[in-house]
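Here you go, one structure.
All chains are identified by letter, namely A, B, C and D, in their written order; residue positions are counted from 1 within each chain.
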């Protein structure tokens, strides 16, 4: 153990796919580089398939397994429940865990509907009154360049924010022959690109600017409505691809928005931007400065300082690997870049620090609910001729 | 003269500000690098102020001057009228010239209203029947990288177009203390960022994709509604800046759109993107390939070829200075980039070639009218809660 | 434990500073993402200061500590010795470990002199005959983009290599007021920028091209010869900075070279390139293609394919995060970049795999010796008027 | 005429190939955008082939032609002789012109040998005493970004210069099947990449830093020693490519150097950098700041200001199109980039201004001679085992 004097924090992880692996790495790694008030222990991994969960627990470093998430929540050695399951199960698991007095980290989007998110936020508020903490996993906030962006805005170096433009571009289903998946079914995934990746740029732009969206005008599009079923799920065991399934979510979501401070926003989330694998691109223009970020070059933030004389003015390519930058001091010398998973480690750091110091971590379930309301307004605008749709507070 | 055997083409230019200087350079330069069927002659420059127009004619290389554009149109040594005045005068001048049997090149946007543009398109159609040609000056089409983009789409290398994202970002009035100008008055300029720069990205995206916008959902914003009057225009001769004027046009225009082929478009035109001076940024994603262009790096086109194996796939930075590229062979060896004004020279080349070969040049006044209809739909949507607004054909 | 069925591989790490932390992370992490034939166990951490090594072991995850590296080598639970100490101790520790029958991973540069490196290579050869493996830690080879570069060259996609240009640019002592450190003393560090970072670009260019340097012409420079001693090392306990120490190594090393296959190389290693934090930049031009890499954008490789028609030719920005790319499949989905420390994890993977399959890992101590000979030739040329200096085989 | 009041400056141009076209454009264009003290007149174009020179004169805008350069020099309407012929004729023409009392603009490199250059510099010095001006055409100095770079160094914003790295990369003979040309014959071209493009980076780095090279260590390489003769030059009129010619110049030149102020330089000039068409890349690192330039993005200068706090430090991408930047105010609004040929126009502006104000323009023939001495030292070092070779003052 890294520090025997520190109280332990037993973690129960529900789910062990992509997000489960990322969270496991974070729980293992955070205490090795950061000074935490509590000592995370990888207590139990829960998943429905016994052999699969056992294999995963060995590989990912978990001490025990459960095949029923309810059992995992009940365990005495679990102080915190980390929810990495598909969105349609978030509400049930998270609420049960909070009611059982366990802190909760829940992957984004918080839920598949506003109603679910409301119930979760309510449960979180009740739990908070009892000292039980909760947080929703908008991990990209913890990329150092994003942290620096927020800091520069907060310091006033951008002045009054006028423009926000944000894109989350992927291409993994640009090919019409790409097979069906649960992520393309509305009852499981809630929405398509909108909730999966659009949620991130909603969160990031609100986080960086410190402002909330007040309304949207939106358009959703499904370019490919029918896709081959994967071979293994063919009902009749026939040749893969012979049968097809219906895509019931959006392939792309585009929308305009306004922020509380008067900025105008343009948003685009798509899985059809051929050649862009995971391009989260955010630009902010203010009256005193501007910022630009692209996750394809995640250790860099571009900053234009409007106070410079025109002769030497220009966007600076800040390599965000200096000890002065958020989170960076705990890692390597300047110029040695971080990767995707570091955001998850930083998330654990912030969460465990909040729990240890008795503060509510951020983003809260209430924050997650607000984002759910933005996504809902986008969907409602898109089905109402893109008409301007205010976002309820 | 460069080629005594060629028939002359007498040009009369109306206006001698920024656009007049660019057009003059193009008329002088085109025959030096390109083989034209007619020999352009810089016959007359027209402007209201005699001393100013005389000075400009000497500097820009025009043989004579007129202080009344009507006189210029009537001259026997004028075969073509080049209209570089503010938008509120385009219709009157262009229609008069066409009726006088003179070819017309008219700066964009074609007009300040759909009604004016309709009258101009009608006049152009009538004139065409008599062999009189007309063209509207969407010059950026003639940037070699844009020409290459259109060619790649036409060759099918992008497949079916899914996404169009286009931004025209400037910052020259980001400072609230920047003074009033005719460009900020609706009765003179027609609109603000929308018509001045938004018109370019509407034209460019339609030109590259070969598709037309079918509808839009839009939002217009004026961030700074009152600005100091320039000292010299102060009515009472008081201290400059003491008096202010009302900004009656948009500072920024953002809108969503759909194209005839099913693509989804996101557009943004603004004069408040601090740090971006003249950034025309266009990205196209198709089922087989993608393109990206930024006028800040105007000799480059980025192309993603989806048929490459993933191992070596990536956006190629094509330096568009090869003899195989549009217009480039007439200039310098590979790697020797062109500048902003070359687009105007290419415009002259295409226009004179069309006149010489008896074809209608492109973009026509009808094309200019269609763009005017898009701009009009944007304005109507913006005043109707961003509701989806179809574009009349 | 991740896989109880696998035989364990007990690791003893000597040193716990920057490199010790990076290696610890790699030993912990490799088995979580990769399928290894042996199960690494973090058996013992060795360091001279008892309290410091105890603290580090707890933080970095080591089961036990030793204050004498000889004790660590002797332990039964140590099968492999990982040498992360300054260069002047490499030879003694590594040779002792090999003689004790322990596999050895030794940080680069292999030694501070050719003589030491020869002794180490000899010891490694003897040990290999007994099945004891050794490897030198040129970690940057394991960056996926570098692996891809080597693969493209090996596949012949660059044709005959003509040009190699390589720079390793840092700036941490560009300020003359930066204090003395052991890295600036020749007896401890062997050389300055040359051995510390120049060694990396020698290794990388030889690794990517599959060719060896045959001779060099060089120039070394020390811009700042005297620097303040850090406060804590001031002999008389006086105010830090009042006393100064002599810099006895190079601040920058630049050299020309030729490769076995006929390519011409240009190399530059410096700690005075203000604004460049850890910029390893490598470009290769061949008769059929070209490559460019910059560690500031470490997940990207630029590739020019000379077989493309000129119209669409251009450097492709390959985002090296596809499952087809070296090492990447074990991590995250496409577009989710890796960071600096992943190279160390990949190094553990390659080393443990080689040990498990009974093969000699690469780069060997003989490879490390060859690089030492290049560095030595650089130093000899620099002291002999830059005269061409062949590199002994 | 642009300004009848100004005294005319009759120009005689010798040569009408690539450089002749560029110079013609500059003579035509400079007075249209800049306020010059004299009015350039394109008096006469000289070339040996009557029909070719007549065609060129018409196309390029020259009033008369001569087939003997001596006749051109003698003409009364010629005040300035512009020498755009191959290097082996520069000395004879330029000296004759100077002796005839004509100002001279001579393309670079000044000559094919130090001896020729010395004679030219001597003639220039004598002529200067009589008020006759001369200049050598290192045009890239007139790119605005280069002018800004020099200004920033002169203002001390880089502090003490430590590193200079410069590359001039082309690829037009990377293909071994590319045919012979006079540029590959030593007796006509003097040298290969060294004089043709290496001369530019020698000039640019000395110009920007304000320092001179004091010595070099060099290596020259000819990768392809035999090439097919172009079909039309085949002696027996046989199939093109059947006969071959000997390449007698360098394909690539690489060298190390030291500057008067203590900086270390690394230079590379090659025509074999596949994929790089005309990449002039210059980086300067000083104690207080750094610069980076690439002609592939010629309107941009990257500047690192070391006085910025580390948190927001980074290379700024200065788009060099502001009115505050050298030469730019005469052209277009901010953000509207210039192209390759603008450098020639600026050269005419500087030359005519110097003549008009009675000052010696820069770079002088003495400057050209100094560069010739650098090139000569490079060649001597390369033939003497790369030994350090001082550059005579």
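Heads up, the rule we're going with is that contacts are C-beta pairs under 8 Å (C-beta built on N, C-alpha and C of every residue); 3 or more make two chains touch, one makes a residue touch a chain.
Source: prediction; values computed, not measured.
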item	value
Longest centre-to-centre distance from chain C, chain (CA-based)	B
Same-interface partner of A-C, chosen from the options B-D, A-D or A-B, over half of the pairs matching	B-D
Pair sharing more residue contacts (C-beta pairs) when C-D is set against B-C	C-D
Type of chain A:chain D copy interface by residue overlap (half), same or different	same
Euclidean distance of C-alpha centroids - chain B vs chain D, Å	35
Between chain C and chain B, distance of the C-alpha-averaged centres to the nearest whole Å	55
Centre-to-centre distance between chain D and chain C (centres being mean Cα positions), rounded to whole Å	42
In chain B, residues with contacts to at least two other chains	276, 313-315, 319, 322, 334
Residues of chain D defined as touching chain B within the complex	1-4, 18, 22, 24-25, 28-29, 32, 58-61, 170, 172, 276-279, 295-299, 319, 321-322, 331-342
Interface residues, chain C side, partner chain D - complex	162-163, 165, 167, 169, 171, 174-176, 217-219, 221, 223, 252, 254-256, 258, 262, 264, 266, 268, 270, 272-276, 283, 285-290, 304, 306, 313-315, 385-388
Complex interface listing, chain A residues touching chain D	148, 152, 302-303, 305, 308-319, 322-325, 334
